[in-house]
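Below: the structure, in structure tokens.
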Amino acid sequence: MAEPVGVAVVGASGYAARELIQILLRHPGVKIAMATSRQDERLDALHPSLASRIDLACEPFDADRMAERCKFAFLGLPHTASMAIVPSLRERGVKVIDLSADYRLADAQVYEDWYGHAHTDAAGLGEAVYGLPELFRDAIPPAGLIANPGCYTSTSILALAPLVAEDLIDRKSIVIDAKSGVSGAGRSPKLTTHFPECNESLSAYNVGRHRHTPEIDQVLTTVARDGDPVEVIFTPHLIPMDRGIFATIYASPKGPAVEHDLIELYRSFYADSPFVRVVTHLPGTKDSAYTNFCDITVRVVRGRILVLACLDNLIKGASGVAVQNLNLMLGVPETTALL
Amino acid sequence: MAEPVGVAVVGASGYAARELIQILLRHPGVKIAMATSRQDERLDALHPSLASRIDLACEPFDADRMAERCKFAFLGLPHTASMAIVPSLRERGVKVIDLSADYRLADAQVYEDWYGHAHTDAAGLGEAVYGLPELFRDAIPPAGLIANPGCYTSTSILALAPLVAEDLIDRKSIVIDAKSGVSGAGRSPKLTTHFPECNESLSAYNVGRHRHTPEIDQVLTTVARDGDPVEVIFTPHLIPMDRGIFATIYASPKGPAVEHDLIELYRSFYADSPFVRVVTHLPGTKDSAYTNFCDITVRVVRGRILVLACLDNLIKGASGVAVQNLNLMLGVPETTALL
Amino acid sequence: MAEPVGVAVVGASGYAARELIQILLRHPGVKIAMATSRQDERLDALHPSLASRIDLACEPFDADRMAERCKFAFLGLPHTASMAIVPSLRERGVKVIDLSADYRLADAQVYEDWYGHAHTDAAGLGEAVYGLPELFRDAIPPAGLIANPGCYTSTSILALAPLVAEDLIDRKSIVIDAKSGVSGAGRSPKLTTHFPECNESLSAYNVGRHRHTPEIDQVLTTVARDGDPVEVIFTPHLIPMDRGIFATIYASPKGPAVEHDLIELYRSFYADSPFVRVVTHLPGTKDSAYTNFCDITVRVVRGRILVLACLDNLIKGASGVAVQNLNLMLGVPETTALL
Amino acid sequence: MAEPVGVAVVGASGYAARELIQILLRHPGVKIAMATSRQDERLDALHPSLASRIDLACEPFDADRMAERCKFAFLGLPHTASMAIVPSLRERGVKVIDLSADYRLADAQVYEDWYGHAHTDAAGLGEAVYGLPELFRDAIPPAGLIANPGCYTSTSILALAPLVAEDLIDRKSIVIDAKSGVSGAGRSPKLTTHFPECNESLSAYNVGRHRHTPEIDQVLTTVARDGDPVEVIFTPHLIPMDRGIFATIYASPKGPAVEHDLIELYRSFYADSPFVRVVTHLPGTKDSAYTNFCDITVRVVRGRILVLACLDNLIKGASGVAVQNLNLMLGVPETTALL
């Protein structure tokens, strides 16, 4: 491999950024050349687990300096913060992999409806490619701006794409009962994620109004190809564990459903996707925790199709898929630094 | 209150038995006069938390001695073990509250289909009353044999009964996505409940074949009254927490559904049930942990009705409802020892 | 029992206050007549677990109204906030059980040294009785102001008092390695108690400077009676569990130490203390969780004495002992509402 | 790097073996050529997390076949099982890295005293090198049999070695209060590690008789060089988390102790050890979880020296240090596959 390319981590204080840095430190093709954070600290002060691993202090964001040193920027910012800086990076030729929600929804109005802010970067929206390699592998290498998918979204879409692509299910029948570890809520302390509140407890939240809903609808509708929209019922739950997302998905088949055939369909659909493991046992989130794998299985119960899927929300649901996208853009093997 | 009546705890080594003993120790109307266990030990050796609370050693089961000392026996035995001793107790006039599954299914053939054993006590099956006070409050006081409901079952039935009783939903559309703390799996060590296996993990189990399924079907069909059967899709999940069951339930309404009206329906339905709390916020299992309450709320999402319900599997799902039944049989306030 | 006496819960939003309310709701001799909180809400909005249990809204603090309705006030306030209102309550004849640290240290200078604030209520300091019933049972009934002990403090003192009272150990040799569940850190969200930070992790904190240190020193020096000061090394650790304190204590005996004799000494020392359980097995925090018990055992290892003690930090370490104190002041059995 | 050398994993069903396999799969210099287990299954059936990572079925142990394919064997067996097969491997020239306790104690009598079995392989005992690279880095490359250290042992020894080597502390004053995650107890289900027993609880175990005690004594006495024995008080505790060991160590200095000087001593002592991180903040186990690092800091409190150290029991405490030893024996960088 040639000289490592410089990459930037913007918004380095969060959990996904920490995981991303750990993956990038194993990547032979890149060098973390810049990190930014509102907290003006060394990376190993923000993340003690990085002690002795990287000798770099965060700087304030500066597009010029970033463009000098970096070909790629990973954005680990809250929504609206990403779209405020993406234009300045794209102008300077920096390729962006955005882990926020800002470029995931193709329609600016849908963004405004669900996020409560007008979208301010129409050009970016037009340029952005949805960064789910298993579905859009060919569009990613030439892209300049990647909208990295949401964690619930990746789980749900990977679990449903084969059924929707083959038009096997009623698109209004889909129920996604999703469960997430607490790291999915980010690193800012809140009462709901205060240990004595959420430990030893389970609750649903944002029922009927979680922002990953329109993202799932949009991408699955794209997968369906005929324009007839997918509209899911999506219910997220907070689980007292660090990481992992589990989706239990229920859908009504259009015709008779046979478990074995469905497993074969999934295997064939993901034959070229090294990070999707179609299994026959019932997977647990621990099997894919700390990895970039998504585990999926299918069952038929009383005529209904159940898909059970899980992945690590911080890796396959954020930082890992970001590096998968990077690898595709770099033209190196998709699995580089991810096994 | 008069002289306390003697009660027995049969199968005292399990978790539900331990909770039951703790509740009974607060009950002014009863005295634990006998306890049995395969392990021939003092109760506080089996359960160190009972140290200084009760001075009683377990004995082998003996129906005669039990009948001498006790008017009531709580059975905390595995299925098939209960029906092996219930006849001997009933013959001697001991009233039985059975926490196992042996008398829950009215049809012996259904029992055999799901539990893999022939039922050996037809008389008991005929006598047994299903011990869910919120639905069968009038049948319990005169009963001699109570089939205490399963923990998933109570959660699911309490959550669905108002909708089914009012015939508001399609009975084949019901999906129950249920989540349980690990104490629900009992006290016998197994690999799946070994801490490093299930901690920090979430998985589904017994998909499509959990034994609480026919129990839910049966009781809801009874609630429906017109004989048209309820047939649910029930998916249990193991959650890394000690106790608590949470059910997220999806059903298709027969007509337009209005959230506010449904909440009112539930409030009215449970107006006389002191342990059902119909709430408007999204409840967490922690709110009802270590109590005999079942918390329920309702939402309408994209035309589907969602019911979210939770309770403590060891108390409202086992020992607490057992004492509720006892209270009804004793003619004392239903809440005695349970607040 | 006569007409219940009115009690107030001041600072009702915290965890210890919630536990206190739950205990008081079971207490036949009292009625919660007033609750205050900066959050002007109903108690069951602050604490969803109290739904249907109590119909009371928090009010702003007002000494006159409190004195009208209440004979006792429990203060669940941060330090310095307690001493700001205690004088107004005492003037009006309200007896106070203060769960903060404000009246625990007899010497105002020591308070200032460790808490960084001058003490503003010398009269209160003079009046206050240290509310550890196992050691000061006779001083509590007539008291008007109780300084409820700290949670680490109670654990440590109960574990060491017999050894110190009998002058069996070198008072400079004591090492207290203490472990606490996260509820001990209170209910305000902070990064250190954010679930994904402290879950699945263990760390020490405030090494050499935890504020319970001078409290332990002071009380044990009192127990020693000869004035020769006890000076402990105290190291607290944060444990990924909700509740429970465990202290592993090491001390050098002045003469040969025999395990069996020490157990007997402890049994005799606590013979009249219903909430101290001297056990011979190694206790776990779960055995005393959700109870008012403190479990203690003793070992001799390579000539050193080890005392292992645990209790529930929110109950025996805060709300439960507060009610023990109340019971002594009311002249009702010490165990009322606590079993 | 040349052709990868074949390695065997003997006893592949445990947690340390699983971690070892994951590390070895990243190692460019080795190939897992054989795995054995009493369970005759594929590795990914034993460990679902290995799905799609390795295509290998366990075989019964056979020294000849192992010698044909493998230059190194890692033994993840219970004690006594290792010494039953090591001679057959050494005769055939296979180098052994033994993760059991069988070759850690130099004196066969001490082994018998603590493990209750006579030692049956005197030759192996004579040949074995204690595999803690930070202390015995020069002895490891030429060794044929490595006794991989215990997890508590590594933590304790790394924390104390600088103080003992420099003769700064009273060797009879050392108290090691150690805390371990539950994976340290192995993968066989037991009541004590059944989730509802150990979750949300903390207890001490094997007080005064844990088998890592003589191992710590022996190695630290070696470090001391003058023959005057180290004799520690070692108290292990079970913590409700998956992985991580934390040791809080107390020792009396021979002279005045200055925190800053001690930190410098530690930094200098471990200057050439890439996996020991001497830090100034108080570390948490999570910082080193899933890594091969050991984090250490030092404090002086009331004249006593406190050392706080932590590491991941399955990696730095078992599989990771095993690969460190392998790397030294292969002559490749010590950090290969470990960052």
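First chain written, first letter: the chains are A, B, C and D, and each begins at residue 1.
Basically, contacts are C-beta pairs under 8 Å (C-beta built on N, C-alpha and C of every residue); 3 or more make two chains touch, one makes a residue touch a chain.
From a predicted model like this one, the values you see are computed outputs, not experimental measurements.
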{"item": "For subunit C and subunit D, chains touching each", "value": "A, B"}
{"item": "Proportion of interface numbers common to subunit A and subunit D (over half same, under half different)", "value": "same"}
{"item": "Pair joined by the larger number of C-beta contacts - B-C, B-D", "value": "B-D"}
{"item": "Chain centre separation (subunit B, subunit D; CA means) in Å", "value": "46"}
{"item": "Separation of mean Cα positions, subunit C and subunit B [Å, integer]", "value": "36"}
{"item": "Subunit B: positions in contact with at least two other chains", "value": "181, 197-200, 240-243, 283-284, 286, 289"}
{"item": "Arrangement of touching chains [line / ring / star / complete / other]", "value": "complete"}
{"item": "Subunit B-touching residues of subunit A, taken from the complex the two chains share", "value": "175, 177, 179, 181, 197-205, 207-208, 231, 233, 235, 237, 239-244, 246, 248, 250, 282-286, 289, 299-302, 304, 306, 308, 310"}
{"item": "Subunit B-facing residues of subunit C, complex", "value": "25-26, 48-49, 51-53, 200, 274, 277, 279, 281, 283-284, 286-291, 293, 295, 339"}
{"item": "Subunit D - residues contacting subunit B, complex", "value": "15, 181-183, 187-191, 193-200, 240-243"}
